[in-house]
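Take a look at these structures.
Next, two complexes with subunit A in common: one pairs it with subunit B, the other with subunit C.
This part shows the complex of A and B:
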C-alpha cells in the first residue's frame, strides 16, 4: 500500500524529472517538427532517425495543424523546433513569428530549412535570425563550376560544396581528420547572405566563387544580388543566451535521397559513394542541440598564496592564486574541457592583468599572479568566446586596499641618521637634566 | 483542404526539382539495397506479423534471395496465432499471409478451426474491417489448403451487405453507424468483394458486379492529379478517423481494384493513362524511408504489374474455372532515360529504356522520337519523327548520332511508344507521348578574347592585350578616371553557332576586398563590356589602387565553364569629396574575432632610490658626534651631583623624577620599535601625570633650597 502511495506521489514529478531544459542538462529532449506534408517524415527519415537514436523525442505535426502550440501554462512544451515547412504562410494554433522568436529568446534551439518558393513567413523568421534569403522567389543557387555531376540533372542547381567552416566543435573532429577524402555536401535550394555587422551568425557551408543566385530559366540582365562565396548555403546562429539556430536554404539536403546519393563534383575525378550530407547534417544537428560546444564553469576559487580560504579583500602587492573548473556537455554528461587559451582578467575599468590559465586536463584551470599596486574595486573576469562554443562570462568582484599605516617598512637604513640624531638628543637631554639640576 | 494543398505543393516542388520534370525511373537495385536496410530484423523477428508479412512480401516482389532467415521464429508465431482461438482477426489475416509466403507446416485441423471461426464471424459481421479480414483470410486458406471447405454459400448476401456500406461517389464507410466515408475503405471493400466473388460457391449475381464496376468508375472520377502526369487518391476528409496519407490510400485502392479486376470477366472502364499515372505516382516517391511506405509502394507496383501475367486467379471454383482469367487492367510501361545530359563533344548516344514498373522487360515495341524543341519555345521543332534503333542485348532503344540540327541547349524531347503487336495494345498502357527535358552539352570555343584601355574622348586604344581564356592570365593595366576598359571575347558552339551563356560576369575586386560585378552583354557575335570609369567613380567609392579582374563564364550546357583571373588594373581615381558614399562594411573572418587576447602583466611602481647602507651608517656616526662632544665637555667642566638632595624624601622624588623622564624616553624608543600611537599616548598620559607630580615636588624642593641658600 505504502509503495503504491509513493508511486502515486512520484507520478506528477516524473515530467519534471525527465523533461527539463536546465543548465545542468542543456540538450533538451523534446523537439517539435513542423512539416508541410507528412510524406517528409518518410522521405527524410534518415535524418529524423539519427535524431531519435540520439534520444530526441520528435513530435511530428503539420505546420497548419490548429492544435499545435509551443507553450502551455507558461511552460514550454518543447526544447527544440524544426521547421521543415518552407511553403507555410501561416502556422496553425498559437504559433506565429513572435512565438517562435520568444521561443528562441528563452534559450531554445531552432532548425529552419527553406527552399525555392519559401514563404514570407519563413523568410521573416530567417531575417529575424540575421540571415537574408534571396528576395527573388524563383531564384536558385547555380554553380557552373562546382556542381554535382549527374546524368539526369543538367541545370547545375545541384551543388556539391566542400567549403565548410573549419571548426571541430561545429562539424565534429572526424571530418577534419579524414580531410584527404571528404565527400562534398549536396545542396539544392536558395542562397542567403549574412549581415557583416552581425557577429552572432556564422557561415557554415558557403558557395564557391563561381556561384550565383538567380532564376535558371530567365536571362540575366542585371548582376545578381548574391554572387560568389558571399552566398551562404547553410548558416548557424548562436544567440547571446546560447540558443542555437541552423538555417539552410535547402530542404532536400536533409532528404534520404541526398544522404544516400553518390556524388562527383564537376572537374574532380573521384566519385564518392555517399555524399557528405549525412555526416555534415548529423554533426551540425549535434551542435545545434547542444550535444557539443556547450560549456559551463563552476567552482571559481581564489586565495592568497599559501592560504586556503577566500579573503574578502586583497591588499596591493599580495600574491594570489585563482582557479576555475570548466566542463563541456557531451550530450549525456559533463566532460572536462581541455584548451590552452582560457584567460582570466583582473579588471577595473580595463584589465590590469590578463593571464592564460594552465590546465591539468581534468577540467581545472589555475594561475597565480600578484595584485597590482593600485587599489579599488577589481573583478576576476573570464570572457571566453570561441568559435562554436557557448560563451562563458564570469566575473567576481573583489576589493583591493592599500597598505595600512603599520604595514609600511619601519627600519629603513637610509633613515638611520635621523633616528640617531633623535636618540642622541634624547640621551643628551636626560644627562643634561641631571647635570643641570644637581651640579654645583 | 488548405493543409493538403500545402502538402501537394511541396510534393510537386520536390518532384519538379528532384526529378527534373517527368522522368520516372523504374524500380532498380537501389530499391533492393534500401529494402534490406529498411527491413532488418531485430533478434530474428520483424516484430508483429503484419511487419513480417510486409518484409517478406517486399523481398519476394523485389526478388531478393539473400533475405534474413526468420522463418523459424515467424512460423512459430504463425502457428501460435492460428492455433489460438482468442487471436484477433487482423492477426489471423496477417499470419495466413505470412504463411502464404513461408509455407509453414500448419495441420489441416488448425485450418479447419480457423475457417470455422472466420465463417462464424462473417455471418454476423457488420463493420467493413470484419468483412475484409475474414474474407481475406478465407481466400488465403483456400490457396494454402485445398482440403478445407471455405466456399461461401450465401456469397450474394455477403456481397450485398458489403455493398450496403458503399456511398454514391464510390467511396465506402467503415461501418453502418459511421457516416464518414473514406477512399481507403473503398480499397479494402473492393478487395473483400473480390474475395467474396472467388469464394462464391455459385455464380454471383451479374447485376451486382455491373453496379460495382460503375462504383469503381465513380471512384476513379475522384482521382487527383499532379502536374507531371501522376495520379493518386487521397481522403477528402483529412480529419477522418485514422487519417491515411495519399500513398496508403492510393495503394489500398490499387490493391482492391486489381484484385477485383482479376476475379471478374469483362472490362472495367478505367483509362490506361490513369493506370500509368498511378504507376508514376508510386515511382515518383523515390525510395521511401519508412518500411510501411516502402511496402505500400512496392506492393502496389506489383499489383499493377502482375496484371500482365495471366496470373492464377483467386478462384478455382468449378463454375468459373472454365474461363481463363482475362486482363482488364492495363499494365503500365515506363519510358525512362538513363541519362538526360548528353554531351555533344563526347558524342553521347540518346538512350531510352522501356520497362514495366518493376523493371522487367517490355514486349516488342519501337520508341519514336516524335519531335524535339528548345524548351521555352514551343513552336520550332529541331527534330521531327525519328525512329530509335533497338539493341536487343542491352534492351536499349538508342539514337546513334544526334542530328545536325541539335546544338547545345536545353531541349524537350517528346517520345512515343509504338507496340508491335496489336494484341498488346489492350494489355499495356503507354500513356501516349512522353515529354522529357534533355540537356545537350558541349565544349564551347572561346576566341578573340582581348582587353584594352581606351581613351574616353577619341575612343583610341591606349593599350591592348590578347587573352587566352583557357588558362590563367596576368595582364597588368593602368587607367585613370577619364579612360575606359574594354573586354571582349567570342563564344561558339561545337556546331559553330554563337553561344550565349547564362552567366557572364566581370568582377573587379579592390585591394580592400570591395567587389563590383558587371554582366557582360553580347552585341551580335561578340561579347563585350566597356567600363567607363568616369561614370563609375562613385560606384567605386573613389577607391584608387589595384583592382583584380576576374571573368566568369558559365552555362548549364557549357562543359568548360570557367572562372579565370584575367589580371589587374591600376586605377587612378580622384579624391573622394566629403559627401561621398562610404564602402560597405566587409564580412569579417570569424576566426579573427574569437582568438585569445594578448597577455597583460601589470607594471608595478618602481621603489624609490636609496643611498647605500654604508653612507647611512657613516652619517649615523656623524649624528652621534655632538653627543660625544657634549659628554666630553661635561667631563671637562667637571660636573658633579653634589646638589643631589641628601634627605630621604626629596632624594626619592628626585630619583623618581629622573626615572620618569627615562621612562618617557624609553616609551619613545618603544614607539619607534613597535608600539602604535594610541598605546604610546595612553602610557604617556600616565607617565606625564606622574612626572608632573614628582617633578613639582623635586623642583619646588630644589627651588626652596636654592632660595634658602641665597637668603643665607
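This part shows the complex of A and C:
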C-alpha cells in the first residue's frame, strides 16, 4: 500500500523527471582536465578560460591522482576529457588506456596534447585513434624555411605554420586573425603521421614541405622517418559514433606564451602582433566539443502520395513521399540545417533511386518518387558525410511487394481479339452441336 | 499383411466359385448363396478398414517417441505457410510476399510454392473447427501425412482391383500401408508435399486407367481433376505428364489404339492442362516448357491417328491408305520437329531444367549444378536402401511383372510401365523411391495374390476331392468340376503338400515383411531430425534438443529485424521457429545468393565481413557436431559450400581447401581451410574443450581427429550463443570499428 502511495505521488513528478533528461544537448558541459603539473593551469589559463567562459565546467586533476575516475555506477561523470599530461606513464585511479577508449567509444570527446618525450601511454592512445607519433622520443619537428623568427637564433623547432584544413565547419567562418594577412600558428613539439588505413582521421594543421622530424640536438645520420607535409601537427578524428578527438603534437601551443607572442614567419615581411594560436585552438575546441558541425536528423517519414500514414509495405510502382528533418546544433539551440546536397537512396543491395532532397530552409527535407518495378526488401538510406559535420547515417527498412492477383487490369484492350475468339468458339461449338444433333 | 494374407486364404472358397463346399454351412448352402457374397463384402470392408487404421497408426511412432512436432526442414516452411493461410485467409496467402526470407530479395510465396498441401491441411482444420473440435493447426499438419497414407491404401485397393482383381487390391492396400519406402515420407510430423502427393499421384493414375478401361468421359474428367490436385501439391506431377503420354505412345505402337484411349487421353490432357495452369507456380509451363512437350506431341499424334482411322474408313483401299499413311506420318513428324525446333530456338519453349536432365543423365548435376547434386535426397540410390525400403517386394516385383505380361491388358501395360520407369528413377535419385513404391506394391500384390490364389486352389481342390471321396454331400455341379480337377491333379501326388509348404513359405515371407516394416519405421524413419536422440553410456536415451534451443534463443534475444546468415539447410527452420529474417533458405531458387553465402563461409574473416556487411547480416549461425559426434554438420557440408560458392565466384577454388585431394580438419589441413570463416566459427574455443576421456583437448568426435587450429581469434564477429551440446553456434557480427 505504501509503495502504491509513493508511486502515485511520483506520477505527477514524472514529467519533471523526464524533461530533466530529455533535452538533447550534444555539447556536454563537464570536462575533466588531466595535467602533469598543476602549474599548467595558470600557464595555459587563456585556453581554459575560453572554455569556461563558454560554459564548460572544467575539473582539473593531476594525472596520477588516485581518486580520478571517468565513470561511477555505470554513468560517465564527464562529457569530455582533456589530456594535457604528455609524460604520464600511467594514470591514477581507474583510468587506463581501455577506459579512455571506452570513453570515446561511448560518444565522448577527447583532446590530447603530446610533446617531445611523450609517454608510451599517450602514444598508444594516439595510435588507437589513428595517428602515429614519431618513434624517436627526442624528435621534434624542424623546419628551416618556415620557422618563426625569434630573437635568439634557435634550432628552428618553433614552427609557424599556416597550412590549415580548408573547412569553415572545423575552423569557424571567421578567418584566423582578422587582419589582412593570416597569422600563422606557432607550434613546437613532436610530429605525427596519419595511419593510412584509418579513413576517419584528418590533418588540421600540417607542416610545410620543408619540415622534417628529428632530434635537433644530434646530427642527422639517417634520413628522417617523417618529412614534409606528411607530418601532421594537429589532427582530428570524428569517430563513427560522432565522438571527436583532437590530437596535437605540442602542449605548448595551448600555452598563454604562444597565444600572446608575436609571430613572424621566416621569409615573410609581415610581423603579426599576435599568433593565430588562440583563435585556431578556440575554434577547434568548439568543434571538438560539438558546438559546431553537429547535425541531427529526426522525423523520418514516408508514405504513399496522397496518404498520411506510413505503410508497412509498398507495392511496385507506388508513388511515395519521403521527408526528414535535419537540424544543426549552434552551441545553444537546434537551428535548421540548410543544404542542397542531401540525398536519399532507395536501396536494395545497390541504390535503385538516388534523389536530392529539396529543403524548405526550415530544416525539413522532402522528395517524392516512384517505387521501382522491382520487389524486395528496400531501405530508405541517407548517408550524409560532409567534412566537419557529424555523419548522418539513417536507414529505414521497407519491403516492396509485387502486384496482387486482383491489382492487374481485368480486361486488356490488346486481348480483345482473343476474348472474341474464345467466345465465338464457344457459341460456334454450341450451335454446331445443336445443328448436328437435331438437324435430321 | 498378415491379416490380408489370412483373409485371402479364408475368403478363397467364396472367391473361387468352384470351391463352394464349406462343410459347416452345407445345409444352408443354397439359401445363403447371396449371403456368401455379402460375407465376402463384409470381409473385404473389414480388412480394408483394418488396413486403413494400420496405415495410420504405424506412422505414429514419432509422436509417441518424441512429441507432436514438425520434422526436418521443408515441413517447417509448409507449417509456417499453413499457419499464415489459416490466420490470414486464402487471398492473403495467394498474394503473400515474404520479406523474412531471401533478404533482401524477398520471396513471392504464393507464386513459388505448390499450395495443395497447405490448402488441404487448412480445409481439414476449418472442417474440424466447424465440427467444434478445438484442434491446433500444428496437430492437423502433423497428422496430414498419415491420414493421406491411409487414403492411399484405399486407392491402392481400387487400383489393384482395376488392374487385376479385388484380392490383388486387398494385398496391394496392405503392402502399401506399411511399405517403408512410403513411410519414410509420411510419418506423423513429416508435413511435406510428398505426403499428399503420393495419394494424388496414385489416384490420378487409377482414374486414368479407369478412364482407359471404360472409355468414359466422366472418369477422364475425374482423372483431370486428380491431376490438378497433384499439380497443386508437388512438382513430381511432371512424372505423370510424361508417363501418361509415354503409356499412350506404347499403346499406339503396339496397336492398342482405341476410342476409349482417345477419349481418356484427350479429355484428361486438355482439361488437366487448363486446370494446372491455374497454379501460379506452374503457370504456362504446360505449353512453354520442354518437360511438358511430350504430352503435347502425343496429343497431336492422337489426332493424327484419329484422322488416319477416318481416312482409312473413307478410302477402303489398303494400298492407297498405305501411301497416305506414309505421307501423313512423315509430314506430321516433320511439322512436329520443326515446331519444336522453332519454339526452342526462339526461346518460347524453355529447355529442360537441370533437375530433369539429372534424372536422364545421373552424372549431369555433379558436373554442372552443384546445388542440385549437394542435396542429400538427390543422391543416387544405394542397393542397400532398395532392400531397406522394399524388402521382399524387391523379389516379388519381377514375379508380378511376369504375371502382368502373362495377362496383358491396357491396365497391366500401364502398371508395368509405371513400375519400370519409376524403378529407373528410384535408382537415379534416392528420394524417388517414394514414387516407385506404389507401383512396386501393386505389382508385388499381383504376384502375391495370383500365387496364393493358385496355391490355395490347388490345396483346396485336393481337399475337396478328398472330402468328396469320403462320401459327404456335395452340390452336383461343383462336385463334377472338382472331381475333374482332381483327376487332373492326381498325376502330381505331392502337389498338395507342396502347395501347403509354399503357402506357409509365403506366409513366412509376408510376416517377415511386416516385422521388417515395423522395425524400419520405428528405428529409422520416425526421427524428427530436429531433436536428436542417442544412446548414453549406460544405455539410456539422451536427447539433444539443441536446434530448438538455438532457434528460441534467436527469437527471444535478437532484435525482430535481425538478419541471420546460415547455410541454406537451416533457413526454413530459422524463419519458422526463430522468426528471424534469413539470407537463404531451403527454397534454393537463387543460386547466386546461395553462392554468396557459400563464398562468405569459405573466405577469410575480413573478406567474409565485407560480404556480410553488404547483406546486412547481424548474426551467423553454424551447426557443429564435433562435441556430440553429430556427423551432418556444417564442416561436413562445407565442401558443397565451396563448390557452390566457387561455381559463381571463381575466386573460391576447391583445391585450396584440400590436401592432396583429401578433406581434413586436423594439423595437416590446408591453410585456407584452417582459417576460413566456417572453420573458425565451428571450432572457436573448441581447442579448450576436452570432448572424450583420454583424448587431447580439441578432439573432434564427428571426424575423429584433433583439430588443427586450436587458437582461433575472431576479429569481426563475437560469440553470441552456443547451445548446451555445441550443436548450434550463433555469432554476432560486430559493427565497424568506431575509430577506424
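Some points to look at:
The rule we apply is simple: the second predicted complex is superposed on the first by the 389 of 440 C-alpha atoms of A that agree within 3 Å, B and C clash if a C-alpha of one lies under 4 Å from a C-alpha of the other, contacts with A are read in each partner's own complex, and residues count from 1 in each chain.
Keep in mind that, in the parts below, a residue touches a chain if its C-beta (ideal position, glycine included) is under 8 Å from a C-beta of that chain, and two chains touch if they have at least 3 such contacts.
Remember, it's a predicted structure, so these values are computed and weren't measured experimentally.
Bringing the complexes onto one copy of subunit A puts subunit B beside subunit C with no clash.
Put subunit B and subunit C next to each other and count what each touches on subunit A; the higher total goes to B. Looking at the shared chain after the overlay, A:220 reaches subunit B, while subunit C stays out of its contact range. Residue contacts after overlaying the shared chain place A:197 against subunit B and subunit C alike. Look at A:401: by the touch rule set out above, it reaches subunit C but stays clear of subunit B. Of the two partner chains, subunit C is the only one touched by A:377; subunit B is not. In the overlay built on the shared chain, the residue A:239 is in contact with subunit C alone; subunit B does not reach it.
In the overlay built on the shared chain, the residue A:126 is in contact with neither subunit B nor subunit C. The three-chain arrangement built by superposing both structures on chain A places subunit B and subunit C 150° apart around the Cα centre of subunit A, to the nearest 10.
Nowhere in the superposition do the C-alpha atoms of subunit B and subunit C come closer than 11 Å. Residue overlap on subunit A between the subunit B contacts of one complex and the subunit C contacts of the other covers 197, 199, 406. Residues of subunit A touching subunit C in their complex: 101, 104-105, 128-130, 197-200, 237, 239-241, 243, 245, 313, 348-349, 375-379, 397, 399-402, 404-406. Residues 91, 94-95, 97, 99, 103-106, 108, 561, 581, 614, 735-740 of subunit C are the ones touching subunit A in the complex. Residue ranges of subunit A in contact with subunit B, taken from their complex: 36-46, 49, 62-65, 85-88, 115-117, 142-145, 150-157, 165-166, 188, 194, 196-197, 199, 202-203, 209-210, 212, 214, 216-217, 219-224, 227-228, 230, 252, 255-257, 260, 317, 341, 343, 345-346, 351-356, 369-370, 372-374, 385-387, 406, 412-421, 423-435, 437-440. On subunit B, the positions that touch subunit A within their shared complex are 2-3, 6-11, 13-14, 17-20, 23, 30, 34, 245-247, 285-290, 293, 337-341, 376, 410, 437-439, 441, 502-503, 505, 507, 515, 517-519, 550, 552, 554-558, 561-563, 584-588, 590-591, 593-602, 604-605, 610-611, 613, 616-617, 619-624, 626-627, 630-631, 634, 639-644, 654, 658, 661-662, 665, 668-669, 672, 676, 698, 702.
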